[in-house]
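Next come the structures, one after another.
Next come two complexes built around chain A: one with chain B, the other with chain C.
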Partner chain A sequence: MARSVTPRRKLINTTIAWAIGLLIFFPILWTILTSFKTEAQAIAAPPIFLGFEWTLENYRVVLERSDYARFLWNSIIIAGLSTLIGVAIAVPAAWSMAFVPSKRTKDILLWMLSTKMLPAVGVLYPIYLIFIELGLLDSRAGLVVVLMLINLPIIVWMLYTYFKEIPGEILEAARMDGATLPQELLYVLTPMAIPGIASTMLLNFILAWNEAFWTLNLTAVNAAPLTAFIASYSSPEGLFFAKLSAASTMAIAPILILGWFSQKQLVRGLTFGAVK
Partner chain B sequence: MGQIQLKQVTKSFGDVQVIPPLDLTIQDGEFTVFVGPSGCGKSTLLRLIAGLEDISSGHIEIDGKDATDLVPAKRGLAMVFQSYALYPHMSVRKNIAFPLRMAKMDPAEIDRRVNAAAEVLNLAAYIDRRPGQLSGGQRQRVAIGRAIVREPSAFLFDEPLSNLDAALRVGMRMEISELHKKLKTTMVYVTHDQVEAMTMADKIVVLQAGVIEQVGSPLELYRRPRNTFVAGFIGSPKMNLISGEEAAKHDAATIGIRPEHIDVVESGGTWQGTVGVAEHLGSDTFFHIHNTGLTEMITVRAIGDINLTHGDTIHLNPRMNELHRFDAQGLRID
Partner chain C sequence: MSLKSTLRAATALTLITAGSAFADAHSATITIATVNNGDMIRMQGYTDTFTEQTGIAVEWVTLEENVLRQRVTTDITTNGGQFDIMTIGMYETPIWGANDWLVPLNDLSAEYDVDDILPAMRNGLSHDGTLYAAPFYGESSMVMYRTDLMEAAGLEMPTAPTWQFIREAAAAMDDPANEVNGICLRGKAGWGEGGAFITVTGNSFGARWFDEEWNAQFDQPEWADALNFYVNLMNDYGPEGYATNGFNENLSLFNQGKCGMWIDATVAASFVTGADSTVADSVGFALAPNAEGVEKRANWLWAWALAIPAGTQQEAEAKQFIEWATSKDYIELVAANEGWANVPPGARASLYETPEYLEVPFAQMTLDSINAADPTDPTVDPVPYVGIQFVAIPEFAGMATEVSQEFSAAYAGQQTVEEALAKAQAITNEVMEAAGYR
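Up next, the complex of A and B:
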């Protein structure tokens, strides 16, 4: 029996949902608002919510002081390449796990995911030393490799769940119909898995874009992405909240816009298999 | 041509042998049905013929040529799956054309064949729709269309009707039978439904635990089941199998009598019992009878117009010339 929802209940539910949504979004909203305040208004007590003089001064200063475009470009390269390479490695891996599973497939999947439970700082030293040894410190290539590797378990898991949803009989039908393995992948599996691959790439891009621990620890100038750009505005004196907020807003804006436009795809991707 | 020969074929999954050594010949143009309870290995056997599973030992020959190591596409067989296995992102036309495209056939010829198949299967009106927009029956027709266009030497059907509702199933059953009459191509059909097997097959292969229990025409199997398993499996309602004293009277370990071979009489029958359930179908009445002293329950098929219900005493006369006798191993005694 379907549950009936009274208009009153619906109103209450909607209000609660909005309240929670706003609560989660509030820090971002506050950051954006602060970026339009003067430094004095930014630290005013009690805090000013909307009744301040809007100014673009912070953005002007930030753009003048740092090379935003370079940070942005680094972020795009690092997030983009680590995603592409990750997916290229994960598709065959997830494929074989989903369609030709072995006795240990489940164990391998769990083991891969368990690496995500290890605190990143635990391997900072060895990785830092390896980076020095290989001359990868402050290089985009080094960061691409690291971010690709730390997100790989998630990519494999997501693609695996997607591929699991594709009935094996369809691939067998393709085989009976004379498709070779590459044709089977190209004409049957990929078109059916495109929504899954797309949302996996999207999520991974966002994760890589927002990653701060490794980007801050392994870069200095040349390869520094937008996370480093934000960090450069936090000072021990803590007097530049407005500028820090402007830098943060500029750093999160691209990914926020991307996320906004692709939210349907993302939600579908993350709940795939859970609901049909 | 479409003769399929299995020679000493076995299949094991790990340490478990699901098909012990098995020999079988399917003649060209024959409609062969593999039937048996779930888990009897009938689908596995079909997949071995298709090449979707590798055999563990033995040989498979198609039209006299060794096909044991051929990939599925090279065996010249077409398969219709239980779930239809249509490509959801392609239109009906593209689904049917897919095997021809893979064979790099001339586009004009592809068009000609797809249109011909659509015509035969009444799919012309849906040719540009996607599978998701079709009913179960239409989807099954598309799957059959995809198989027909390849002009295979044999069709393999893996329980193709089990996802359809009862009414549609009867209709599709006849369509497939008619298709076989028209194409005269070998068809191998897997089902657990003995009614499907009886109505469609030229030859039925009854399987249990990977072992062929009997091969024969539907009527052969009905009239002369080789053992108690086949006797109980073929025929609906099931044959009554009686052992003990009553069987001993006939020099057998078990005797079998079909529900339709027991007559209901007013009084003084050979057997008598109490009606447990009476199923009135209009044309027939099925009685499930207890307290006969023979076995737990006896099923009898009587005329439709009979007035006995739960709790009534019923008198029965088995037709002795229709009695089947089996020895202690369950094998038929002639």
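Up next, the complex of A and C:
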């Protein structure tokens, strides 16, 4: 029996949810507000929340100094391709683990996750040397491969969780109807797991978009994405917080917009199982 | 589309691609890794002038200081060849030069006038007498103080104050009711942040990192004197939470009129007297202090310099750029467009012979502070190392970061000064032993 929620209780819950939401979002809101201040207003104490003269000067300076479009394009290509290739590899992997498990499936899953436990800096030199040998330094292709590989365990784990909820009988029925393995994956499994695959892709796109260790260390000019764009405005000697905030806002804006439009899909994929 | 026209289109495309590749091969492009600070950003704005003069295009990779250090270190140690010029400091230059990781700058043109580079800068950027990086700008540290508050307190700042006077002045200017702290100093962990400051403070109390046998010296009374003085001064007259304040935090406080004094990099002078400062008209300058009876002052020496990594394919073009960017002509170019207060300071002696530049309020004090710093003789007692706010050995950055974390914990009241010094002693000796120095 469903529990009834009183209007008072609902109001309290809603208020708490909004308060937590605002608290989490506040640093981003503050960054956005700071980007419209002058450098002097950005460091004012006590801080000025809204009562300042809004200016677009920081955006003008940032756009004049940096080739924003190039950084943005690199971010789109690197995050997009690494996600697509990762999902293409992870779907069959997760299928086999979910529907044809072996004695070692659990161990393999844990082993895959354990690769995320090694600090990235621990393998910086080997990866860097491999990139030099293969001529991949400062290339989008190199970063696509690296980001795909570092996010692959998460993709496989998420898809495995979704696939586990799909009854194996449905796939069996497809096989009895004469579906080949690729057809089974493409026409039966994938459509049923669309919410899960979509939310996995979105989450991994965000992870790849925000990745700042490899993208800073393996790029210089040609493949530098928006993380390098932000890093170029951080200064230990000089107060450039307003410009840094403008650069940060420009870097997160595309992903914020994407998240805003796809939030329904994301929440659905993260909270519901595949067949609910 | 017929096969014939497809072939034609493909041939045309190939020719166009090959043509542009050929064109690219004949117009050199150099890639420069640099930090984000006012002078470097200004230089990027004048890159077109260089390209017009030489036909050499320039690509910039601008990164935060610590990220840049890690990035260029990785590249140079693996011979990655990502950069043709690197912006590095006085700490890295002699170490990398000794490892043959940098191209020696011993064949700069006569017009460049390498002898015009300030001796302190040349020495700090050389190894065994060979220059490995050309200084773009140089800095020391000095006292910046509020002349109005000093006057109201009935005090007069000497040109060369002692720590005892600094404490007296801080007490007189401290005004919590009006949110004015007597003094603002770095306390933030990090070898280049609070670590640099406490090292020079130690020097000015007669302390040193090592004796001549590379034994750590944090158990000596000079260090206890220096650290206790600093902690007491800051607890009594410093801002709340000073243990996490670095250059930017103190600059922000000073610009808002919340510090009576600030001892930090000379490069800050142009910020505190600039448009974003609320106290620009009432700032005075003095040499960094020393403890009474100690000849060494608490001033450091640093330069951001341009160096060429060994193995670059564009050595000649890179040298051309370095000669241009660190030349007298570049200084004049900036002065003509943006005024003398905005030229890169602290690198060339001729700048300090220019009457227009000497009218800039902080010019002479910057030069005096630089001249008062000697990286080859940084401490009262002899030491086996070069460097004032650092020890020019590869192990220093990691070790000093750990030591400064212990000191910051003492500033924050999480441990006593004695505990912090004992830990610093243990950390340092352990590292030096492992590295085979002792």
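Of note:
In this text, the second predicted complex is superposed on the first by the 265 of 276 C-alpha atoms of A that agree within 3 Å, B and C clash if a C-alpha of one lies under 4 Å from a C-alpha of the other, contacts with A are read in each partner's own complex, and residues count from 1 in each chain.
Just so it is clear, contacts are C-beta pairs under 8 Å (C-beta built on N, C-alpha and C of every residue); 3 or more make two chains touch, one makes a residue touch a chain.
The structure presented is a predicted model; accordingly, all values stated were derived computationally and were not measured.
In the overlay built on the shared chain, the residue A:Gln183 is in contact with chain B alone; chain C does not reach it. Legend: residue contacts after superposition of the two complexes on their common chain; A:Leu56 is shown touching neither chain B nor chain C.
Looking at the shared chain after the overlay, A:Ala88 reaches neither chain B nor chain C.
Once the two complexes are overlaid on the shared chain, A:Ile132 sits against chain C while remaining clear of chain B.
Once chain A of one complex is fitted onto chain A of the other, the partner contacts of A:Ile28 are absent, as it touches neither chain B nor chain C.
Within the superposed three-chain arrangement, the count of touched residues of chain A is higher for C, of the candidates chain B and chain C. Of the two partner chains placed around the shared chain by superposition, chain B is the only one that A:Ala173 touches, whereas chain C remains out of contact.
In the superposed pair of complexes, A:Ile20 makes contact with neither chain B nor chain C.
Considering their complex, residues 167, 169-170, 172-179, 183, 187-188, 191-192 of chain A touch chain B. Of all the residues in chain A, the ones that touch chain C in their complex are 38-40, 43-45, 65, 124-125, 128-129, 131-132, 137-138, 216-217, 220-221, 224, 228, 231-240. Chain contact summary for the complex, chain C toward chain A: residues 31, 33, 35-38, 41, 44, 59, 61-67, 70-71, 74-75, 78-83, 192-193, 246-248, 251-253, 255-256, 258, 265, 267-268, 271, 276, 278. Of all the residues in chain B, the ones that touch chain A in their complex are 50, 52, 71-73, 77-79, 81-83, 85-89, 98-99, 102-103, 146, 150.
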